[in-house]
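Okay, so chain A shows up in both of these, paired with chain B first and chain C after.
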Partner chain A sequence: MARLIRTEKEVEGRYEEVWLVVEEDVLEQWPAGAREIVGRPATRIDGLERARGEAVYTADLKLPGMLHTAVLRSPYAHARVARIDLAPALTMPGVHAAIGPGELDVLVEECGFHGAAIAAVCADTYAQARAALSRVEVDFEQLEVLIDPDEAVARGQLLGEPRVRERGDLDRGLAEADVVVMGEYTTQVVLHNSMETHQAVVQWLGDSLEVFISTQYIWGVRDEIASTLGLPGDKVRVVCNYMGGGFGSKNGADDYTFIAIELAKRTRRPVRCALTRREENLATGNRNATIQRLTIGARADGTLTALGGEYVNATGWGGWSSPVEGPMQMLYACENVKTTTWAAKINQPPMKAFRAPGFVEGTFGLESLLDVLAAKLDIDPLDLRRRNHAQHDGADGRPYSGKNLLECYRRAEPHWERRHEVRARSTGTVKRGVGMASQIWYGGGGPPSYAWVRVGSDGRAAVVTAMQDLGTGTRTAMAQIAAEELGIPLDHVTVSLGDSARGPFASISAGSSTTPSMGPAVRAAAADARRQIEEIAAQRGTPDAPLAEIVGLLEDAQILGKGGRGPNPTGMQVLTFGVQVAEVAVDIETGEVWVDRIAAVHDVGRVINPLGASSQIEGGIIQGIGHTLSEHRLHDPRTGQILTTSLDAYKLPTFADVPVIVSELIDEPDAQLTNLGSKGLGEPPIIPTAAAISNAIRDATGAEVHQLPISREEMLRALREAAAREKVGAPAGV
Partner chain B sequence: MPTSRRSPLLRLEVNDHVYELHAEVGTTLAEALRDDLALTGTKVACAEGHCGSCTVLVDGVPTLSCITLVHSVADAKVTTIEGLRDHQMVHAFVREDALQCGFCTPGQIVSAVALVGATPKPSTDEIRHAMAGNLCRCGAYPKIEEAIRTWQD
Partner chain C sequence: MPLLRSGIVRAETLVDIRGVVPRGIDGASIGAGTTLAELECAPQIPDVLREACRLAASPQLRNMGSLGGNLLQSTRCWYWRLKWPCRLHGGDECFAHEGEHREHAIFENGFCASAHPSDVAAALVALDATLHTNRRELPVSDLYHLPRADDRRTTTLEPGELLLSVELPPAERSVYLKAMERKLWAFPLVGVAAARTGGVTRVALAGVAPVPFLLQGSLEDATPLPRNAYKVDVARALVKRALAALEEST
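So, the complex of A and B:
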């Protein structure tokens, strides 16, 4: 039965209060442990078509008569278009239309960042569109560039009010402390660089619009386009069957989709607008840089008495203020906590969510400084974390729906114990060490989300829902859940997704929410179908007959089950937890850092597919290593122009950078959460990696790194600083 | 896509099939495969030779099709992922979960097939060396390595 509730909705750490009609969740959870299908490793049901190159991505789509678009983007970080003339472009071969500022909201006259879209041309081929674009005449008036986030804060050039979160009394907590440590940490801009760039192919069919797009949220794109264009939602069909990665950057329609829609309207032809890799590195979002000024106070026994943080998000020309203070607010029990977070509006490309936005950066600062405290107190870092374990949410006192962080710590012990042996393997200038860091994040998902399940007389089932699979293995997990509930083999289930016109609403695939949001809806739909089949069996007087026998009677009749995602437990905080232990080697002469091994233990409730889960963990850790050691989007500090726009300049992790990765999951269903007890795993694994590595470096060398990426310069700076500290005998970390 | 009338006829052998096409001078092999021959299994992620997604075999040698001019391979044998669909390596990738989004995967498989063609049982170092030019943003590397190590199983 449907029910109207007032509830909090969380996406990527941002909360909204909303009224929601939700379905009652009447199913009991399955008992813990592997089932017939759920909880057992399954290879991807769409693996073969992806591996064989048969899966059609947006990038592969070619509609009859389709035109190609090239977009003129600002070469300056801050400039006004003083004059623009599109006419010369229109005379070029193959060109069908051109649009500029004033003709479309996403084409701007005042460009606040290098890469802002100004004009667009479409032609028969991309080469023609590009050639024509170079004929557009444009004069810029360059404006004053503001790049330094601290200066933006000082000038009050902010995106929104500073966010202050306070409990207890920070000053009192500091007065009660036996030891106070302080540190400033900075993190760099990193880029999503999904292998498939942002792109859309659109066509008008009468007054309806079809949008093929590489997106994490087909319903969101549908609604965004419909409301912008003033169309009824069902006049906009959004399709994304396969996509080549998103990592948080593909949650909306963005400039390229609206450009394609307008050009398609003007030319009455299908239009593709695909970003090049270089545009991708300018204008599709990023994990913004941060500055973190942190203070921790503790008693001699390690009890935290005060946590203070001043955080500056170098947000860019647009975007939102990521919850970089989240880990300080949430990770440990502490009565006196105060954080202030500013979002600096600067002449840099706008941020977007990137796999656990804010928490990756904030965990690096907090967990690095916590190890400085541990050293000062001479307490084992793992013990220190245990002593400050939070029993309930510190900010509002809410209980956790389920928390197994202590169990994660226990399971991490054998990895942590390796540190004596690892250190002993140091030779000459190569020092080795082990570090750890904890992880906290959301990942509970929430309503609404719906699924249908249809069962035919062949005993096979199809799950139909308008969700998307960005490469995380969603199709497979949903098939496992339906097969388990129906009691049929996995290969008897297909999953139809990725089309807003062919399935009910499904949530965004972001914030580690897909499995916890969609999984319970799929199970409910399968259970609804199963109940109907059982009713038929009972009517025939064969209540125990197998499903195949009953549905075999159906001929063309079908069993249609529907299910919705039930509410989250009221008054509870639904979170994911974990810990990672890193082993590194540092050459103290060259500053080179190698990561040899990372052990990860995460608590995300019930695990649906252990094979896919281990892939998610590995992927998260590898991205985390890139973030820690090599990835760095550089800009010219004078002009604000972006310098690293290609994949040879921007250093993604390669095969050579991959350490031994050992992953474990607690796999204990969250008893309070839905009919599955599953939480999301997309983001948790990337969160503690940087801090675990920086703590391992400290363990190996005594040097405290304060900056990501840990370049050789930063490593050598930290080593020099440590040597100087040793000389004067100053205490660490102050 | 309309081709220029003036562009000469080009013979191209792909996956043991001979195609004839008109390609303008300057057309890359990736463009010809994807746009003219509709062989879209070959992916283009950077179009400037930095990522390995577009890897195909030219006379058995892994080659970045996005920076190879189609006219330069007129006399060669080109093998794309479409020509390797039934290769054991494809099944090894699926079995080991060596793909996530799958966009880099055809390029990875083509590189891996070339590697095991020359070295059927490559060592970890050989795998890492041979595959170093194939980026995977999803970070499927550990399982790709496992797939290559166990491809004959």
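So, the complex of A and C:
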């Protein structure tokens, strides 16, 4: 039955206290280990549709009479629109409407970044809209540009107050330390660059609105649009059947959707607003740059006595301050920790959540400096991490609902042992080494989320829920859970999702929360259906009859099961853990870095689909390698204008950059967490990759990299610095 | 096509020249319409050119891209591509000088710091190849023109002039080495082409000057900008290795 509780809700490290109506979670977890269907590799149930091009993405949608939109964006990082005249655009062929600043909230007069939306034109074709856009007359008044995040902090130009998190006494901890290491680390701006660019197709049907959109959060978009337009929620139907990725950049409705809605209203036509790859590289969010000034104090035996961090998020003109200090706060047991995090408001495109926002950046700094400490203390890096293993949450003493990090370390040992053999393969110019880094992150999901399961007389089941499949294979995992609970084959289950008008509320697909939020609801709904079928079997006097035989009696009657996501365990930290071990080669003359092999061992509770899980790990690591070695959104240092606006300038990794990836999962259900014991795996695998690579570089060469990406320039700088250190007589390898 | 898409070039009509530009390898002569994919697989082509082709672009692009097209490609300088009013566009400033120049030139960069992106051009300069157009015959180096205040062209090709074929002198040994930002499908940060022809060794570099750069003096004469001195280090290592490779294979 439903129950009202007060609980803490967490999305990507941001907590809020909320009242929630939750369903009781009465099901016992399945025993650990692979079941008939759950825990066994399943190919995607929609794989063929996708591969054949039959799956309809927002990008494929063509509605009768649909108009196309082009958006005028600020060419300057900071400017005011002094005068704008849309009239010349309206005389161009095929044009139906044009809107500018003052006509819609998302179209601005003061542009705080290169790419801010100013005006939009819709026409019969996209080419006509573009041509018309070039006729819009705009005079800009250029304003002072501030792009240095440290300067923004010094001037107090911040987004919100600095975030101070403190426990114990940092100074005392430093006084107790035998060794103190300090380092400054910086990370760059990187972009999501999903395969499918941000886009929406909208149409008004009377006073109702249909929104087809590539989104990670159908219900969030529905509510955002409904509240902005003052419409009842159910007057807004949001549809996303298939989507080409989001990585955190598609959690909201954004400028393009509101532009399409307004233009559709004015023209009484369906309107598409699809951003180009160039707009994707300007104005659809990013992982912001960071500056991290870190201090670690430890006793001679490696026990951490002090952790201090001053973090600057170069947040951009908007957005929020990502939890870059999270790993320092959470990863290790330490009594004295103090972090301060500033969010610099600068004339750069606003950040958005990007696959473990903050933790990817923060883990690079913390875990890199931890290896500097290990070298100084002459302690094996893996031992040092074990020695500082946290038994409970450092900030408030809460127990973990489940934690198998020590088991991850144990499973990483054979990979870590390879370092001797790897180093031995070094040559005069190519040095090889192995590095490791730990991972901590959220991923427990939470209520509310609902699902329905419908079983017909053909013995087949349909799962119905208005969730989205971000491209991660959620459809398949949900089908596995329902099939397992009902005891029917996987191919007897269909999953109907992606439509707010055709199913109950479902979780956002962000914060590694889809499986842990939705999976228990689907299982509960399937169990509700199964219970009803068992009741019929009992009434018939054949309690052990197979499901197909019982439902075979139904004719047009249907079994309708419903289920909700139960609460998270109260008073517990629900987190994911892991470790990665990287093997690299460094050409010490050219600064080239090869990543040869990455072994990943993660603890995310019960694994629903091992095949889907290994894909997630591979995807995370590949994206992590891009972040570590080649991706870098560049801007002009004087004007703040963005320079890398296409995929030839912005270097995503290619398959040639992909190493051997060995993935292992502990696959131990979290006994405290829901009826599944499953956590999310979307984000954990990208978190430790950069640090593991930088530590491997250090192992190979003695060079300490302090910047992402590890470009040739940074690699050669670090090598020169290491050589100079060796010359003045510091111990080799420190 | 990318220049059309960026609005740097405008055209009412595109003319398909595949009917008049030769394609294929005939002894030492290569049709300008020959694709990079065809060259990278041809055993009679010198190593330096085959490797330059193999390390260029992606397999899909090499299946479409021609030798002539590769030689005539424009710089990847982001300021130029984004149509900033730079010196190459007739303006009075090189924005890379004070701006973001990590991929820019370390030689001949005083007027314009753009870097020439063609791997293949460096290979042909090292080979001292000869070009044939519909109007003249010229050493490949003469195709390129270092932009300066009074003449900002980057090639010497005249309107209506068409590159038809490339003639390769017989090289004894040759090699191409390339540093890029990822393992594939990137323009050279530094490309080093070295070839020994008739006992004479020539070294040419891609990605280090506004035109393919024939190394005649020392790498120590480079004039890097504040953030691209690393290119000198990379070039030094690759030139040393290229010369060693020429030695080894004797």
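By definition in this document, the second predicted complex is superposed on the first by the 729 of 734 C-alpha atoms of A that agree within 3 Å, B and C clash if a C-alpha of one lies under 4 Å from a C-alpha of the other, contacts with A are read in each partner's own complex, and residues count from 1 in each chain.
Everything that follows uses one rule, which is that a contact is a pair of C-beta atoms (placed from the backbone, for glycine too) under 8 Å apart; a residue touches a chain by one contact, two chains touch by 3 or more.
Keep in mind the model is a prediction, meaning the values are calculated, not measured.
Once the complexes are laid over each other on chain A, chain B and chain C both fit without any clash. Look at A:L547: by the touch rule set out above, it reaches neither chain B nor chain C.
When both complexes are overlaid on chain A, the residue A:A98 reaches neither chain B nor chain C.
By the document's definition of touching, of the two partners only chain B reaches A:T276; chain C does not. By the touch criterion defined above, A:A691 lies against neither chain B nor chain C after alignment on the C-alpha atoms of chain A. Of note, the Cα-centre angle with chain A at its vertex and chain B and chain C at its ends comes out at 50 degrees, rounded to the nearest 10.
Of the two partner chains, neither chain B nor chain C is touched by A:L708. By the touch criterion defined above, A:I621 lies against chain B but remains apart from chain C after alignment on the C-alpha atoms of chain A. In the superposition on chain A, contact of A:A55 is made with chain B only, not with chain C. For chain A, the partner touching the most residues, choosing from chain B and chain C, is B. Of the two partner chains placed around the shared chain by superposition, chain B and chain C are both touched by A:P653. Superposition on the common chain places the nearest Cα atoms of chain B and chain C 5 Å from each other. 648, 653-656 are the residues of chain A that lie in the contact sets of both chain B and chain C, per the superposition on chain A. Residues of chain C touching chain A in their complex: 2, 58, 76, 78-79, 81-82, 95, 98-100, 102, 179, 181-187, 189, 227-228, 230, 233-234, 236-238, 240. Chain A makes touch with chain C in their complex at residues 587, 589-592, 594, 629-630, 634-638, 641, 643-645, 648-649, 651, 653-657, 711-713, 716-717.
Within the complex formed with chain B, the residues of chain A that make contact are 43-44, 46-48, 50-57, 59-60, 62, 124-125, 192-197, 242-245, 247, 276-277, 470-473, 611-612, 614-616, 618-623, 646-648, 652-656, 658, 661.
On the side of chain B, the complex with chain A involves touching residues 1-2, 34-35, 38, 40-48, 50-51, 53, 80-82, 85, 90, 93-95, 97, 99-106, 109, 127-128, 131-132, 134-145.
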